[in-house]
Structures are given as C-alpha cells and as structure tokens.
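Notes follow once the structure below has been shown.
For clarity, chains are labelled A, B, C and D in written order, and residue numbers in each chain start from 1.
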Amino acid sequence: MNQTNYRIDNLGECRIPSPLTSLVAGADEEARIMLDPILKKGQVNHQEPSSLELSGPRRKIFFTPEKTRAAIITCGGLCPGLNDVIRSITMVLWYRYGVRNILGLRYGYEGLNPDFHHNPIQLNPDVVEDIHQKGGTILGSSRGPQDVGVMVDYLQEMQIDILFTVGGDGTQRGALDLVEEISRRGAKIAVIGIPKTIDNDISCTERTFGFQTAVALSQPSIDSAHMEAKAVRNGVGLVKLMGRDSGFVAAYASLASSDVNLLLVPEVSFSLPKVMHFLEERLKQKSHAVIVVAEGSGKELLPPDGQDASGNEILGDIGVFLKHAIQAHFRQNGRPVSVKYIDPSYTIRSARANADDSVFCFRLAENAVHAAMAGKTGMVVGLWNGHFVDIPSIEAVRQRKKIDPSSSLWTSILDNTGQPDLI
Amino acid sequence: MNQTNYRIDNLGECRIPSPLTSLVAGADEEARIMLDPILKKGQVNHQEPSSLELSGPRRKIFFTPEKTRAAIITCGGLCPGLNDVIRSITMVLWYRYGVRNILGLRYGYEGLNPDFHHNPIQLNPDVVEDIHQKGGTILGSSRGPQDVGVMVDYLQEMQIDILFTVGGDGTQRGALDLVEEISRRGAKIAVIGIPKTIDNDISCTERTFGFQTAVALSQPSIDSAHMEAKAVRNGVGLVKLMGRDSGFVAAYASLASSDVNLLLVPEVSFSLPKVMHFLEERLKQKSHAVIVVAEGSGKELLPPDGQDASGNEILGDIGVFLKHAIQAHFRQNGRPVSVKYIDPSYTIRSARANADDSVFCFRLAENAVHAAMAGKTGMVVGLWNGHFVDIPSIEAVRQRKKIDPSSSLWTSILDNTGQPDLI
Amino acid sequence: MNQTNYRIDNLGECRIPSPLTSLVAGADEEARIMLDPILKKGQVNHQEPSSLELSGPRRKIFFTPEKTRAAIITCGGLCPGLNDVIRSITMVLWYRYGVRNILGLRYGYEGLNPDFHHNPIQLNPDVVEDIHQKGGTILGSSRGPQDVGVMVDYLQEMQIDILFTVGGDGTQRGALDLVEEISRRGAKIAVIGIPKTIDNDISCTERTFGFQTAVALSQPSIDSAHMEAKAVRNGVGLVKLMGRDSGFVAAYASLASSDVNLLLVPEVSFSLPKVMHFLEERLKQKSHAVIVVAEGSGKELLPPDGQDASGNEILGDIGVFLKHAIQAHFRQNGRPVSVKYIDPSYTIRSARANADDSVFCFRLAENAVHAAMAGKTGMVVGLWNGHFVDIPSIEAVRQRKKIDPSSSLWTSILDNTGQPDLI
Amino acid sequence: MNQTNYRIDNLGECRIPSPLTSLVAGADEEARIMLDPILKKGQVNHQEPSSLELSGPRRKIFFTPEKTRAAIITCGGLCPGLNDVIRSITMVLWYRYGVRNILGLRYGYEGLNPDFHHNPIQLNPDVVEDIHQKGGTILGSSRGPQDVGVMVDYLQEMQIDILFTVGGDGTQRGALDLVEEISRRGAKIAVIGIPKTIDNDISCTERTFGFQTAVALSQPSIDSAHMEAKAVRNGVGLVKLMGRDSGFVAAYASLASSDVNLLLVPEVSFSLPKVMHFLEERLKQKSHAVIVVAEGSGKELLPPDGQDASGNEILGDIGVFLKHAIQAHFRQNGRPVSVKYIDPSYTIRSARANADDSVFCFRLAENAVHAAMAGKTGMVVGLWNGHFVDIPSIEAVRQRKKIDPSSSLWTSILDNTGQPDLI
C-alpha cells in the first residue's frame, strides 16, 4: 500500500496561490504515516512499514485556479454532513485557491448523464453559506452507476477539470472506472473521492463523516426503548440501528447509552435460543431489557423476503424478525412480554451533522481540495492515527472495516452490557 | 355543567396549614369561569352561562395533613410529564400541607389489586427529586381496569385517604366507578383525576400535559421526511403522528413545521383518489412532498387487520397503508416515487416533558392537591380560558374534544399547507 | 375597549379571493370575546362586558391583492420567531391572497428613512422558505424612531399600501404616530402591528411570540446553576433572566425547572437582609441554593450606573449587584460561598423559535394579514382566552401586563420554590 | 518515555476473575504503541522509538477483588463526563471484577482530610445507575491540595487499596506526591489518575473527556453571536471560550461553526492594531463579524487585575477587555459598532457529556480499573493514535499540549476563518 497515489501527470509548473504559501512553508511533503504503530515485544522489522501519504497543500499545484472548473456529486443514501462537505469544498476552492467555476451536479451520477436533463447548480459562497445547518444534500442524490463513457463524454464536454465524488464504496468503485476511462483517453481530469458511509466501514480511514452524528442521534431511541421497557412488567425495548456489514454505529451507540443489555452486530454470530435464554434470565432479575441490533446482524437466521429484480434473495428485516421471535417465544412460555420496537434510521440519516462531524467534514473537504489542486486522482481522503491521509481508492474499497471481536472495542462492549457469549 | 364538583362530605373543620394561609387570603372561593366567552351580535343571554369552578387552595380543608395518607397511580401508555406530575403532587403534599405519608402504587390499577403483589413505593422529596428529568413513569403503568370491589377493599385496608389517578378517559371512567363504590360504602376517600392524553382530546380542558412536548418532538421527524423527500426525484416523506380520534398533535406539528403539504386527520374525511391527484400535481411542480397523517385518519379506507380477543375488528395501520397505496399508485402511473415513512410514536411518548409542559404539570398537580385536601372527589383538574379549573369527571369523559373543521385552527392549517378539499 | 378597531375607510367592494372564500363561509364576523370570563358569586352585570374583536378572514376586503404592495419591518432587540413572522406574512399574502409585491425593509424604522440608503429586500416564497429555521431577523433591526413625516413620505413615494410593524411597545407607539399622520393626509395605508416582547408584558394579549422559547431556553442555564451550586460546599447558582418590568420569563422558567429556591421579579419587592437571611438558612440545611432574578428586579437597591445621554440615571445590573452582595455578606459572616453567575440573555434572544412559538407566529401573522387586507389599521394582533383578536394599538400600549402577586401564578411560584415573604 | 509504568510491586498471584478471562485470551500484554508514527523521507531509525504501554485487562491481577476497597475523588472545576467516569469505574469494578467496597469521597482532596468531616458515599450499581444523565459530579469537588501525610494516613486508616483521582494536572501532581509517600511507607495502595481538562491540554493523550462536549456546546453561543451581529449594522459578536494555555476548544468550536471570522488563541500572538484593522476591513465588506477568543489569549495585552493572596498578579478578562477595546476603537473612528459579548463557560462545564464523550469516559474508566487491579500506580489513562494507553503520570504532567501553529489544525483554522497573520 505504499504506492504513491495516482497522479494525473507530472506536477505542472503552476504555483500555489499566495494565501496558501505560508501554510506549506515548512511542510515535509513526502512524510507518510505508518498503518500500524504497534510495537510487539521482540518483533524486529527490517522492511519499511506499510504507510499512507499525508494530506495537505502542496507547493506546486497542477491546475491553474482561475482556469479551473470543478464539480461535485453526492451519491447514495443520506448521511449527516453532506452539505458540510459541499460547502467546505466550495469555500476552500473559492477563498483559498481562487477557483470561481464550481458546479453542483444534481442527483448523483445521474448528473453526469445528459439524458436526465438535470441542470447543474452554480456554487459560490453565497449559495452555500448556510447549507451546513440543514440535513440532506442540496444537490440531491441517486443510487447506482451510469454508463462510464457517457459520463466521461460529459466531463470533457463541460470542460470539468476536477470531479469530487461524495459517496460510499459503490460510488468510489464507479469513480475508479471514471479514472481509468479518463486515463485511457489521456484527459487531464482529477477524480477525488470523499468516502461517505454512516456505518464507518471503509478501510484505511479510522472514521467517516456522519458516523459520530449517527451515534449521538441514536441515543434518544435507546432512551425511549429503556423508558418504555421499564414502564411495564416484562418490557423489552428493541432498537434497530444502521450497520449492514459492520456494527460500529450500534456498538458506539450502546456504549454511549450504558443502558443496553444486549448488542447484536453482524460481526459476532449468535444463536436465537441463547438470546432467548439470556432474555429470560434478565427479565427474571430486572423485569425489563434493552436490545440494540445492527441491521445486518443474524443474516443466517432471516427467511428470505422474496427476490429482487436480479433474482437475488432479499433479506427480511432483522428488527421486525426479532420482535416477532421474542413475542412468540415468551407467549409460548406463558410469560408474555411487551416488545417496543424502534427504527430511527431516516431520522438519523437526514439530520444535520453535529459539531464534531462538521469539523471533520471541513477538514476532509479541505484536504480533498488540496489533493485535487495538486493533480492527484483515483484517491479518497481519510483519517489515520489522527492524521489526514490520501488513500488510493483501490485500497479504500478493497474490503470493509469491521469490528474485531478480539479488539478492545468488543471488550468494552462486554464490560458495558455484561452480555455473555451467545453461540 | 354548573353543578358543584362532588364532595366527600360537608367541609370539615380542619384549617389550611399556615404556609398556605397567605395564598388564599383574598381569594373568592366561589368564582367560576364561563365555558364560552364569545359574545355574538344581537344575542341576549338571560340564563346564567355554563361555567366551571376555579381551582386553588381553600381556607378550610377536609383532611388533617399529618394523618392523611395519599396514593398515586399512573395508567395507560406513556406520555411526557408523568414523572413531573408524580413529583409535583409529592412536593406540594409534603411541603405545602405537611402530608408525610405518600404512596406510589405500581403499574396502574394493578397496584390496587393485591393479587399482583406489587409493592408500593414510599414517596418523599428525596425519592422524587430528579425524576422529572426523565421520561416514562417511575411507578410503571398498565392498561385496563381491575375489579372495583377489590380496589376499594385495598384502599380501605391500606387506609388511603386520597387517590390521584393519572390517566386517560378509560382511567377516569374507572375512577368514577371507584367514587361510586366508595360513596356506597360511606367511606371518606377522595379520588382526583389528572387527565393524561397526548392527543389532547379530553373535554372541558383546553390542554392536557404532554401535548406540547409531542408537538415539539414531532419536528425532527417532519424535518427528516422533508430532507429525505427533497434528496431524490419524486420523493415523498410520510410521517404518522399520534391522534386516534382527534388530530391536534398532527395539526399543531404541521403548523410548527411549515413544511407539510398535506395533513390528514380523523375529523376531516378524504378520498384516496383526491389525495393521489393532489400528490401528482405537487410532484409535477416541486418534485417532492411531505405528508403528515394522524393515526386515526381514514378509518373507512383501512381493511380490517384481524380481530382482537373480544371479536372486534382491529384496524390496520394508516401510515403503512398510505405508504403502500402511494407506491402502488405511482408505479401504475409509470412515474415511481420514493416514499420514506417515519413513525416516531414511542420516541415521543417516552420523552421527558419540555419546559412548557413541566410548568403545566406542576400547576395541574398543585391544583389537584388543593382539590383533594379540600375534600373534593370525582373530578379532574384542567385548564379553561387560561384558568385552572375543577371539572366533574362525568363531564370530562362525556365526549372527546375534536378539531372543528370550521374553526380558525383548521383555517390556519389550510393557510399553512395550501391543501385543497379532499372529498 | 369595545370600540371597533380603526379602519382605513368603509370596506371597499373587493371580494376575498376564492381559496379563502370557503374559510369564511359560516363565520360570524361580528363575534367578540369578553375580556373577563370570570363569574363572581352574586354579581349581576347589566352592562355589556368589555370585549375584543375576533381575528380572521373577512368576506369583503379593502385592498385588491394584485395591486397591493405590502412591507414589513422588524424593530428593537432580537426575539425568537421574528423570521417565522416575516415568513408567514409573506406566505399568506402570496398564496392566500395573491399579493406579489412584498418588501422587507431593512433595520427597523431606519428602513423607512431614505437617508440611511438601506435597500429593501423583495420577499417571496423562495426567499423566505427556510428562514424560520434560524434565529435573528433577515431584515435586520434598529432601536428608536425616525421622523414621522419622512416615513410617511417614504410610504407614499414607494406606494406601500400595508405596513406590518413587528416590535415592542415603543414600535407600536411609533406605528400609532404613523397612523395618525397617514390619516391626516387622507392616505389609504394600513398599519398593522405584531407585538414583540420576549418579556410577554403587552396588555390585551395573553401571550407574545418568543416568550415560550425564552422559558425553554432558560432551562440549561438554571440546570447549570444548579449543578455548579451542588458541586461545591456552599455553592450559590445565580441566573439573571429577561424581564425589565414584568417577571414572566423568570417565573415560568423557575416553575419549569423546579430547582429554583428563590425567584426575584420586579413586581414583588424584597429586602436584601431578608434575602441574605433566607440564603443563610438554605445553605445551612442544603449547602447549596439556586436563585433566579429578572433583570428589572430590585431597582430601588441598585446604585445608579452613571447617566445616559439625556441625563437619566442608568441602573446597574441587578445580577452582578446580587453576586457581589452575596459574596460580601457571607465573607463578612466568615462562611464564604461560591457564587456562579450566569446571564444567558443573548443566547436566548437570538435563538430560533421552538415549535410552540412557530405555531403561534404563523397564526399571529396570518391574522395580521387578514386584518390588513380587510382594511383595518392602528391595531395589533394578539391572543385572548385562546382566541386570536384584533386589539386597538392604543389599548395594547396603554400599560404593561404584570405578574399579580395575588394570582394563582404567584401561588404556584410559592408552592414551587418554597420561598417566604421577603419584605 | 519507554519506562514501564510504576507498579506497586511484582504482580501478585491473584488471577483475573472468570468473566474477564476470555477478554484477555489472545492479548499481547507487552505490546506498546509508538508515540510518533510519521515516516520521514530518508530518515533511518536505529533506536527503538518512544512508545507507551497499551491499556487493557491483565491475566494476573494484584488485588483480590473480594477483599479490595477502592475510592474515587473528583477535583477542580466541573467538566462534562465526571459522573460518567464515576459510574463506569463503579460498574466495571462491581460487575467485571466483583469488587463490592467502593467509596465516593466528597469534595476532592478534602475528602481525604478527616478535618473536613465529609462522609464518603458508598457506591454501587443502584447509586450510580442514572448519574451519567446529569452534569456536575455527585461527589462534589474542591480546588487545591491537602497535606500529603494526612491524606496517606487516611488512606491507610480507611484501608483503601485503590484511589482513582479524577482531575487536572494539579490533581495528578498531587497524586504523584501521594504515590511517593505511599511508596516511602511501603504501603500497597494503587493511585490511578483519570486526566480531566476541558481544555484538552494534557500531554501524551490525544483527547481528554469533556472536550468534545465543550466544542459541541459552544455552538449555540457562536450561532447567537452570529445572529446578533447580523441583526444590526456593524454588529460584532464576541464569544469567549475555555482555554487557559491551549486554544483547542476555541479552535474546534470555530471549525465546527464555520461562521467565525477571527479566532484568537494563547498559542498565536496578535497585535491589537492588527485585530482592529482586520475588523475594519471585515465590517466595511460585510457589516458584521464574529470573533472567538480563548480565555488565555493575549495575556501580554491585559492590565493586571489586582493581586491574589500570594501576591501574584491576577490577569483581567480578555473577553471583557476586547469588548471595551473594540467599542472604544470604533467610537474614536466615528463608526460605532455594536458588540455583543457572550461567555458560556459555566453552562458548558456543568453540562452532561454528549454521546461521544460518554463512550470515551466509559473506556477510560474501564482501562483505569484494569490498570488498578493489575497493581499499576502513578499513572494516568489516555488515548494515543486511537489506542488506550497507560501513561506514567510524570510524563502526563511534564508540559501542556498546545496548538502548533505549523500544524494542519492551524492550517484548517486559516482555511476556515480566512483570517490573516495578526502580528
């Protein structure tokens, strides 16, 4: 992973604008950050460790700001911070580099396909001034890809020099296809990704934007589940949270609440009888229980919910499944329970970013602009060991980041919930 | 409705404790408030208008504080403010009257039935100090009645002098049964109701506690629906809010948001084709729409969802029904829409009261205590034309308060949403 | 007070636009609401009671919507809800009446004085769409009057037909001067006030916008004072809240919190030695205390803080004064206390309206528009006994509404804080 | 810094309790984390890099849980998360190790001095259940040290085996004195620090609890300053935030807001004339400005505000100073400005922790317990490169962590505010 990020070309001769010059005065542009800073007893390392390139402004930049046209798209489901990212990219391009031609393309990759007749929005500081105070995305979004050739045609026709793709791993895979086609044509267009996954499951970045907001906004639902569970005899509060493949939101939300008695995540298998046994014991002792389940948990337990257009099985909803399974189990036991099920998903996804995520979005977007202006491409920005880094997109999408059940995070979960092994 | 509230007996000779004496110095204990303060042109009224008794401390009280034992129960679903009411009753009994024997009975009317073996909680200022900062009810709740004879036996056995019943109209009907049986036995037990309905649909009180909190807490869901709807082409945000028979929560929540395009409430009929037509027009113009529906709306449209234990038909869920109906309609039209459906019910019901409701809860509870100590019974406390009033329970449960489609409230809804007639 | 509100003229022949027609179908346009709906024992009333005119749309309107130009100004200090009012006036004028010419004048009455060269903002639904989600006022504000002749010249020159004045009693007095001058000139310009006072101290309206938000937003400060006071031995938390002449914000904020031990308001005198004595007792028993003081309290105790430009004495700050007085008293006593003083004023004034105030703002503004279009003038809109009313401005500014120490509100304060008489 | 943390002694023979055994199964107890994971071009490192010991449960523990008595103190000013830490220490000791004897000592180090007659609180899961939902500290706090001999006498007399000291660098220095005296006496008492500084200025930990909450809770004040500034011509909103020596809170709060035009921190000097010049330009262009100043900024500009008991000069308040300086400057210029000054300090310090800090507090406290039970002493827990670490106290208090003006954080500030060099 020590390869340098893709570059459009050798660096041009354009120099960084004066307001930025002071910022890079003493910077070591070739410094890198180790992937793994752990020292193990007796371990000797003779190879250069895997590392990532540090983000930041560069002395020489590739694009001439006054001639540059940049564009932004937002793809996939909503995530707190999208408008922060759009705003920050616009502000840094405008004020720090002097770029005056910034387009907001509408509805994700559809905005690069002229067949949809979506008119781009001209972005400038006035347009974006207050957008970070609202959830959603002012550009709109869509799911799925468009034809690569059509999109590169559009980029060339519109004379777009830089494309910022804000989206999840599907989006960044799509961006890599664009990079390849652009490169094949010998065009000089930078494609820079800002990874967007509320699940925080992208590799090589310890954090994605919206995640901390999601953890914070999960709290009222867990509180409600707790209050509802305590208000009746044998009350069970059940909350489903985001997390298709990785249970980070559910895990941190549970730790933050400290009122969760059982956490189920995709990374740690569980048997239904063990869950029921645990619940029985808990209700005997305390007469109420709170369960948090990540949406991708227990896939093996779910009956398929029909097939989608491509013939793939659609999985049912683990939250609804568990609710019914618990009700049925205790009804059979002759000790009926009252299950209150809460699914706050949309309310969380469409919220504005909290303060912590707003800071993170700004710094991500800022570094995405620095990378783009320096002529990098085929990369995403991220955070590693507290430093902003430029990550080759190919590494970022290689595999998902997951909770390691032998990690100190999972230890904290067990310490916090007191839950036993459920296998 | 001008009858005096039921009283246990003629007023005793016990005098109000000294810290309260100053409060009632100049009070007119027989003042009443008119039900209808509207003057119509040319209308002459020769009869004394209908009126309600004003709440407040009385110079002579029925119960001797140091010998009095009071008890509180909370019944039915959760509602913001339950703990405020419990706390306030306890505080006013303790500090203002010097009552030292206050029981919190567990799990609603079950707490009056010894078969359930629920142990009461001894309430005092230390126990209740911070409970208003949490949602739910520290006493627990249950639905439905218990045997009246058993309950009055328990009241007598436990030597309870005053019972505060915090609950909806079912609870207050149950309280009237208790009052009747108590009276038949010649016992001297006061039963005072604090009406609890998040729907704000109890007669003779312009407001019930928890309602304003519910309106406030509906806002994030409507905002989310709005953001989700705007984020895609042809997005429809659909929010179901409380309101079985009366749409006040949904109406005020829509007014507060000012982002709602269509409000459906139980009091105003609508035809599904008209709703679809309105949606079509709206999406053509604006490409997104926000709908708020009160849970009891459109009962006539819903297919029954099985039968309950008593053989009554259970109605389906209007929110889920509308979601599917809209999706199907536009799919058939060849112009598919994306419907995001949000049901925040539990999160609202289990929240703590907001500041406005905390004030209201305190003053309700305070006046409930004043009424109880004065020996009133078979009544609930409420607010009318800005004054706290003692309402005969029989009047309070006679019929539900509803939105009048010819009222200025409905005018405001039409002005705010711009929605047409849907019949 | 039964005089009809001023009218520009006899009602014109213009008829209400069709979307509004249905709203007024069955309305009784001459219905009025009694000022005092209390019935006193044995009291016989042979006179017609004082009453106010009910607000609402009228069948005949004075202004022809398509030819009408309306303008809005916001004056004085910030108050939650200003943007809600601006937005609502614009929306109702636009969608309900079809008025297309709406000006937002800048910086209060300065906007009517061409010497300031403030350019008005053209208001329409796009401009105001999201402004209610922010505090402050998009129009800006200023304090104090401008020359009446200059302002009426401007109104005539700009062909403004309706002026909405959003401001406190100074602003509404200024509006009355405008009405008089307009009338003297025989001009046909309606001037409608929307009363703005966060203190809720305007006569004839039981509520002003921003008040409920202020009460709600006071809570974190009182909580903080409570936490800080409890964190140390002999801790005193002191919070100063809004209320120059009337202590409603401080009173409701204290009731909402239920953690306040002493409330000081302008309407109820207190002696400093009594306050100190109370504090001594409280600290002996509980080791901490929370005090809320309205800014206009204890004027007689304050040393003058210099003189203003006109030679009037400027009063010092009661919060700072009390802080120092308490510290000095207990230092002398040899039992030093730790006073934590919090003044949240700006944070509250500049916040956005909460849900309850947003509803209220919408309905106020809506009724202001109905009144204006019907050709009323020299009046403000308000709420009385739960009904929106048109109040002659002369009545609204005659005297301030204050807390009556013999009212049930003050009883509630005494019940809640447990504070004694301090005189 | 590679020395092992102090230990009381060689590890005892006591084995970790069974619920914890699985947690440490595969752990490498001797793994360490590098202080600096940056790789510089061409740099070859032949020495072992500086590193810190990873936190976590250990296979062998020093104290026998059922015989262990632990105690907790909280010292210094309030900080969000104190109750989370108290709760988490109690919960992990109780449920994970089976320790049943846990004391909450009152009012900081005073609680270790019997002369104050503060009675300790017996802590258990019931007592601490909900305390994390409130700000402040249930134990109370005080500033300053007590006599070391007296405190160690008390620890021995009370047979306390483990003391958790939650406090800032003064507190941790005091803890080191205790460790020394304990060691001199050959006593077996572990002293483990949990660093508390809302300013986030302790070395060797990238984060301290309460910091993220402080950043989040600064937002309403900055918003208010922004709204107030925009509401008038030439409005200046000025917010003072925490930060005696390090401006992290002010810096992150400014980044989160994106509405700040000028940030002043202790680490970056500024001249008053340059500040005024910047303000003049800003007001000319935009007519309003928002300034955030950390409390320890511009010390060299402040006139002394008297002397304290020890004869040291007390510095004045930079916020108040700037407010007056700006007013005076522009009054002299003949272009008066309206400065609205906001100081939210207490409201932030006394708030409850947000979700992110609650997670962090739990994990800090958890690792503090693991360290204590393993017999470590003279250390504090912290976070480094995303891993929890045990830091020798002597390293943690050696010097303060500060904003490096050549760091990417300061670059972000300049990118975000657009402010120039002010020297």
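Quick note on the criterion: a contact is a pair of C-beta atoms (placed from the backbone, for glycine too) under 8 Å apart; a residue touches a chain by one contact, two chains touch by 3 or more.
Chain identities (UniProt): A, B, C, D = ATP-dependent 6-phosphofructokinase.
Small disclaimer: the values here were computed from a predicted structure and weren't measured.
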Problem - Same or different residue numbers at the chain A/chain D copy interface, by half rule - result: same
Practice task
Could you figure out which pair among A-B, A-C or B-C mirrors the C-D interface, over half of its contact pairs being identical by residue number?
Solution key: A-B
Fill in the blank from the handout: CA centroids of chain A and chain B: separation to the nearest Å works out as 42
Problem - Centre-of-Cα separation between chain D and chain B, whole angstrom - result: 45
Exercise for the section: Averaging only over C-alpha atoms, locate the centres of chain A and chain D and give their separation in whole Å. Expected result: 29
Problem - chain D: positions in contact with at least two other chains - result: 134
Practice task
Using the touch definition up top, name the residues of chain B that touch chain C in the complex.
Solution key: 22-23, 25-28, 30-34, 37-41, 48-49, 51, 54-57, 84, 87-88, 91-92, 95-96, 132, 206, 212, 215-216, 218-219, 252-253, 255-258, 354-356, 358-359, 362-363, 366, 385-388, 406, 408, 411-412, 414-416, 418, 421
Problem - Residues on chain B engaged by chain A in the complex (per definition of touch) - result: 78, 107, 134-137, 140-142, 220-221, 223-225, 227-228, 230-233, 340, 342, 344, 346-347, 349-351
Exercise for the section: Enumerate the contact residues on chain B facing chain D in the complex. Expected result: 130, 133-134
